[in-house]
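Here it is, the structure, as C-alpha cells.
Letters A, B, C and D mark the chains as written, and numbering starts fresh at 1 in each.
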Amino acid sequence: MSGNTFGRIFRVTTWGESHGKAVGVVVDGVPAGLTLMRDDVQAELDRRRPGKTDIETSRQERDRVEILSGVFKRKTTGTPIQMLVENKDVKSEKYEKRKTKPRPGHADLTYKLKYGHVDYRGGGRASGRETVGRVAAGAIAKKILEAEGVEVLSHVVRAAGVEIDSRPSVEEIRKVTKKNPVNCADTTVADEMQEQIRKVKKKGDSSGGVVEVLALNVPAGLGEPVFEKLDAEIAKALMSIGAVKGVEIGLGFEVSDRKGSEVNDQLRFEEGKIVSETNNAGGILGGISSGEPIVARLAVKPTPSISKSQKTVDLEEGKEVDLELEGRFDPNICPRIVPVAESMMALILVDMMLRGGEIDPDQFGGSV
Amino acid sequence: MSGNTFGRIFRVTTWGESHGKAVGVVVDGVPAGLTLMRDDVQAELDRRRPGKTDIETSRQERDRVEILSGVFKRKTTGTPIQMLVENKDVKSEKYEKRKTKPRPGHADLTYKLKYGHVDYRGGGRASGRETVGRVAAGAIAKKILEAEGVEVLSHVVRAAGVEIDSRPSVEEIRKVTKKNPVNCADTTVADEMQEQIRKVKKKGDSSGGVVEVLALNVPAGLGEPVFEKLDAEIAKALMSIGAVKGVEIGLGFEVSDRKGSEVNDQLRFEEGKIVSETNNAGGILGGISSGEPIVARLAVKPTPSISKSQKTVDLEEGKEVDLELEGRFDPNICPRIVPVAESMMALILVDMMLRGGEIDPDQFGGSV
Amino acid sequence: MSGNTFGRIFRVTTWGESHGKAVGVVVDGVPAGLTLMRDDVQAELDRRRPGKTDIETSRQERDRVEILSGVFKRKTTGTPIQMLVENKDVKSEKYEKRKTKPRPGHADLTYKLKYGHVDYRGGGRASGRETVGRVAAGAIAKKILEAEGVEVLSHVVRAAGVEIDSRPSVEEIRKVTKKNPVNCADTTVADEMQEQIRKVKKKGDSSGGVVEVLALNVPAGLGEPVFEKLDAEIAKALMSIGAVKGVEIGLGFEVSDRKGSEVNDQLRFEEGKIVSETNNAGGILGGISSGEPIVARLAVKPTPSISKSQKTVDLEEGKEVDLELEGRFDPNICPRIVPVAESMMALILVDMMLRGGEIDPDQFGGSV
Amino acid sequence: MSGNTFGRIFRVTTWGESHGKAVGVVVDGVPAGLTLMRDDVQAELDRRRPGKTDIETSRQERDRVEILSGVFKRKTTGTPIQMLVENKDVKSEKYEKRKTKPRPGHADLTYKLKYGHVDYRGGGRASGRETVGRVAAGAIAKKILEAEGVEVLSHVVRAAGVEIDSRPSVEEIRKVTKKNPVNCADTTVADEMQEQIRKVKKKGDSSGGVVEVLALNVPAGLGEPVFEKLDAEIAKALMSIGAVKGVEIGLGFEVSDRKGSEVNDQLRFEEGKIVSETNNAGGILGGISSGEPIVARLAVKPTPSISKSQKTVDLEEGKEVDLELEGRFDPNICPRIVPVAESMMALILVDMMLRGGEIDPDQFGGSV
C-alpha cells in the first residue's frame, strides 16, 4: 500500500495515469524563499517530453505544467507545491481491445494480480508517463542543488549494442549530451546509436542500454549508515524507474573480477586537500560521500512494447494467444530516462542534504 | 542522521561497533505467537560467524546470542525483540597505531569527515561485524517466511575470477552451498574458487565476486509502485551491505545488449496457471512480484584490507605515507555475504508482505 | 520540513492555500476496487462548506471537487487519488493592507518567523480552508470504514458557554446533529448555542466550545504501543486541526479528581461477550482499542478573527498599532470542525486498521 | 505492528518487559561529539526510579544503566546508542495467579485481545517500567537541548484533588519541585497532596492529577504544518505515556468558555523584540512555536491497581469474579510521570529542531 511518496524530509508524491485526466506531483519540504517560475519546471519537462524525434514514441504532448500551490510572487512559501500536467493526446482504443491479454515484459499481469481493478489505458500508472511528476519535482530539487553548487548530469553510455569507448569529459557530458536525440556525450557514437536503434525498430523489435548519472561537487559526509547509506538510497531511487534492471556505483560489477590493490582508491594530498588517485568507489565509501564525483549506472531493458508477434494468454477466455502490438512506443527508452535519472539523483541528494544539515532550509529567506 | 532502522512495518534497528562491548538488534513488528528459540537465531549466526576456515578472517567469535525481550515461554509476544551478542576477541592495538591514516577502500576517511569523532577500533560501526544484527533479525524473518512457504536462498556465483558455468538447480543451491566454505552450489567450482582466493591472498591481495539471492514461492502482487517497488526496495536492502557496488534483478545488466523479443518473458498456461517461458524479469514486473522466483545478484568488491603496500595520507601529520596493513581480514568476503544477503532479502519480503496484507499478523495466535 | 502528509499506510497529503488557485489532496493507499463517485466526496465537502448560515463566514464557495486520478469506471484502482477544489470567492485586498500587522491569536507571526516568505492572503496555508483536503480524504476513509461496519460521528457538546446537559444517544447524534447549524445533538440546546454565538458576535467578539468525536464498532486490538498507541495517534490527528487546544479521551481531564475505584471500568459478561459496565476509558486501554466505543473530545478556541480592536505590531514600521479586523469570519468554529474531526478520526482508524491487518486490502476486488 | 520507535530524525526505540531480563532503548541520530557519560543518564533514571518514598511502589530497582554502543572516549560517535537496565526486583507469582483475570483499568484485556500471547508478569510491556527507556533517551535529548539553551521542566499541578492555587515561578518549578516526593513547585501544597494521596491509599484506592510540562527558550519556527504541527506532535508524545487521558496546550480546555478577545495574545514590542502580553496560546500558534514558553498539561488517571474489590471476568473459566489485588503499586502516578513527561517533551523538541535545521548536527565536532 501507498508507495507513491519518495523522501523523508523532502517528500515527493506523484499521482496520475497515462490516459487519465492529468498527471502531477506534490512536493513537500521545499525551503521557503526559493525563486521558482513555471519555466524552471517547464524546461525540464521539455527534455522529457515525447514525440520530438523518430526514435521516440509519436505521442504528442505539450506537457504544459501548471503550479497550483506553494508559490507566491515567484517564490516558494515552504508549503506543498502542487504541479499538474494535463493528458491531451490520449488514444485508448487499442488498449481497450487487448485489455485481457497481458503484454509480455509489461506490468499488465502484475498490476492485474495485485490490484484486480486496473486502469489499463496506456499502461495506466505503470506507464512512463508517470515520470512527468518525477521530472517536475526534480526541477525544483535541481534549483536547490544549484544554490549549493551541486550539479547532476546524465548521459547514455550504451544503446542498442553501441557503447561510448572512452570516458567523456564533464564538459562533453554537459554540452554534447543535449545536442543529440540519444543524449550521448559523443556525437559520432550518438549517430551510431541512432542508426542501430532504428535498425532494430525496423525489425519490429526494441533495444536497451546503459545510462550513467553523475553528481559533482557533492559535499563529503552524505549518507546515513547502515541502512540509509547514500549508495543504498541511490540504488532505490534509480531502480524505482521503470525498465531499470540493475544499478551500479563506481566500478560496479567490474569489481567482481578485480583485486583489492586495483580497486582501492589510493589517497594523496593535492593543494592541501585529500584526493584519491582514482574514483573506483564512485564517490561513496561505507555508504558516505567522499567528496569525489558520484557515479552511478543503470541497466535499461529494451522497451517491452514491440510489434513482433509474442505469446501471451487471454485472461478472460483462458487460452494462449499470439499478440501483435500496434501503438506508439519508444524503440529505445534510454534517451528519455536521462532526465528522469537526473531527477531521481537530485531528489535523493536534496533529501539527504536536508537531513544531514548540509542544506540550511532558511538560506533562501526563511525563519529569522 | 539516524539510518540504522530498516523496514516500515517490520522494523529492524541494529546497533554496536566492532570493538565495543556488544553488537545487537531490536526487531519490532514481529507477529505474536511465533515460536522462537535462541537456537533459531544461533543457527543463522553460526553461518555468519568468522574464523571457521582459512579463507576467512582469523578473528574468533562464538557469537552467542542472548534474547532480552519480546519472547515469553518460547513464543513471541508482539513486543520488540532485543538480541545481543558480546564482542570477545577484540584486538584494538593495530587500529590505535594507524588511526590517523585512513585505509584506502575503507570507510575510515568518510566516517572521519562525517562524524569527526569516530570509534576507529576494528572499523567501528563500518565493520562487517555490524551484520550480526542483520542476520539475527533475518533469522526471525525467515521463520515467518517459512510459515508462509517462502524460501530464501543465496550462493556465490563468481569469486576471484572463477564463475559457475551453468545455472545450478534449486536443489543444488540448497544442498551443496552449505557444504563448502565458499558457499558455491557446485563442489568442483567451489574448489577452484578457494584455490584462486588463496592464491591472491598469498600475494597480499584480495579478490571479489558475485553473490546471487533467490526467493522462491513469493506471492504475486508484492511491491508498492511507483517508489517502493519490490525491486527498488531489494536494491536498497542489498546495496546497504558493505562491499556491495552493484545490484541487478533477473537478467540485470545483460538486458542492455539484448532485444525486446529476447528479454520479454512470453506467457502461457500450465495446469491452469499462468507461467512465463523464461524468467528474465527475475520475478518482478512494474515493481510488483509476478509469482516467479525472485532473482537478484550483487557485485562484491575485493576486501579493501590487503597487506600489500598502499598510499594514503596521515591526517595528523598532513603528509603522504605508505601503509602496510597487518591484522586479520577476509581474503574474499563473498562467502560471508551469503547469509547477510539472505537476511536482507528476508527482511524486505516480510516487511512488504505485512504491508500488503499477504501475512496475517494474527495467524500465530494473535488478536482474537 | 514537510509535515503535510498524514498516515503510514493510508497516506494523505494535502496542499493549497486559502486564496491560491485551488486546494486539494492526494490519497495514497486506498485499496483497489472500492466504489467511489464524485458525489461520495462532494457530500462530505458540502457539510464543511462555508456560507450556509449566519453563524458561519459569508465566504461563498461551491467547493466542487474534481477527481483527477486513481479512479477508473467508478472504482478505485489502488493508485493515488488526486482530488482538487478550485478557490472561487477570493477577496485578498484586506489581507494585502494588513500584511505587515500580524493578527493576535492567528498564525501570521509564526508563519512569518518560520517561513519568511508567506502567502498571507486569506491566511494562506494556515486558513481553515486547508481542511477541504482533509474532508475529501475523510470521505474515502469513511467509505472504507463503512464496509467494515465502523461508524464515525461527531457533534458539538459545548459552544459559547452553552453545554449539552445529558449525554445524547447515538441515535440523537446521528439524526439531530445534521439538522441544526451548530451540529448539536439536542435541538433546544442547539437553539441556545446559536443565540449565544450571535450575541457574542454582535459585540464584535467570538466564542469557543467543545466538540466530541465517537467511533463505534471499532475492532478490539487497534493501536501500536508504546509510541503509536491509538490514543496517541488520535491526539495527534485531532490536535493537528487548527483552533484545537486540547484533546481528551473518555473521562479525560475529569480523571484527575477521581479515584481508581470510580474510573476503572469493571468487566462482566453479556451474552458471552466481555463488556465493561462503564466506558470511562473511552474505548482505549494501554493504547489499544477494547471494542467499546471510542470517545474523544476537543477544546476549540474562539475564532481569533474578531472585529473588536486589538493590539499588535507593525513589522515593517516597527511600532505598536491598534488593529480592527474587517473581513468574513466564523463567529464560532465548532460547527465547522465537526466534519473535520470526523475525517481525522476516520483517517487514523483506516491507517491503523490497514497496519494491523484488520482491513484486508484485497476485499474490494484486489490481488487474487 | 511496530509502534516502539519515536521520532523521524532523532529516533528512539524502546524495548523490554517489566519482569523480563532487562529494559532498554536504542537512540539513533545523536549528533557526533556530544560528551555523554553514564552518570548523565543515571541521574535522570534516578529521578524516575521507584521505591524511594511511601507514595510510590515498593519495588526496589537500582536501575543501573549500561551504555553498550555509540559512545567512545566519553563522546558520542553518531552511531546508535544502546542503553540497558537489568530488571532485578521481580516478583511474578501474583501475576501468575491472576493471569486469566484482566484487571479493570489495566491493559490486560486489550493486550490479550491484540496479541493473544502475552507476557503478563508485572504488566509486561504495558508496565510503567517501559518508561526507563524513554527517560534514558530523554537524558541524551536534554543534553542536546542544554547546548542550545533550551530547558524542559515539569511539575505536578494537581494531585488527589489538591491543586496548586497560583502559577509558580520558573524559579520555584526549578528548585522546589525536586525537593518533595510529589514533585510539586509549592512545598505547602506538596504536603497537602501527599496527605491526600496517603488518605486515599489507606482506603485501598488510588488518585489522579494533572502534570504540567514547560519548555523555555524554544526557538520560534518549530513545527511542521499541517499534520506535524508542534502541538500535534507534543500531544502524541505526551498521550503515549501510560495513564494519560488528556493533553492540553496553553489555556487548554479553558478556551472553550472564553471569548476571542480574552484568549488572543496581544502583541507588543519589548526592547525591540515582539512579545505577547499573555501566553494563552502556550507558545504555539498555527502549530508553530512563537518563542514564548511552551506550556502543556496532562490529565493523569488514578493508578488502576487498587486493593479494593473489583469486578472482572475469568477468561479461562468464563465467569464473573471479584478481584482483590495484592502487589506493589504507586498510589498516585503523577510524581513519577514528571521525568517521563520531561523526556517526551525533550525528545520531540530535539527531533523537530534537527528536522528544521535549528540544531546543527555538526556543532559538537562532527562533519568537517
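Structural remarks
Everything below uses one rule, namely that a contact is a pair of C-beta atoms (placed from the backbone, for glycine too) under 8 Å apart; a residue touches a chain by one contact, two chains touch by 3 or more.
Worth saying up front: this structure is predicted, and the values here are computed from it rather than measured.
More C-beta pairs in contact connect the chains of C-D than those of the other pair, out of B-C and C-D. Compared with subunit B, the chain whose C-alpha mean position is the greatest distance off is C. Centre-to-centre separation of subunit B and subunit C, using mean CA positions: 45 Å. Separating the CA-averaged centres of subunit B and subunit D is a span of 38 Å. Here the CA centre of subunit C is 27 Å from the CA centre of subunit D. Counting partners per residue, subunit C has 1-5, 9, 14, 79, 113-114, 125, 220-221, 225, 354-356, 361-362, 366-367 as the residues that reach two or more other chains. Subunit D contributes residues 1-5, 7, 9-11, 13-17, 20-24, 26, 28-29, 31-33, 66, 68-70, 72-73, 75-82, 84, 113-119, 121, 124-125, 354, 361-362, 364-368 to its touches with subunit B in the complex. Of all residues in subunit C, those touching subunit B in their complex are 8-9, 79, 220-221, 225, 354-357, 360-362, 366-367.
Residues of subunit C that touch subunit D in their complex: 1-6, 14, 102, 104-107, 109-111, 113-114, 125-126, 130, 158, 161, 200, 205-210, 220-221, 223-229, 231-240, 242, 245-269, 272, 274, 276-277, 281-282, 284-291, 299-306, 308, 310-313, 315, 318-320, 355-356.
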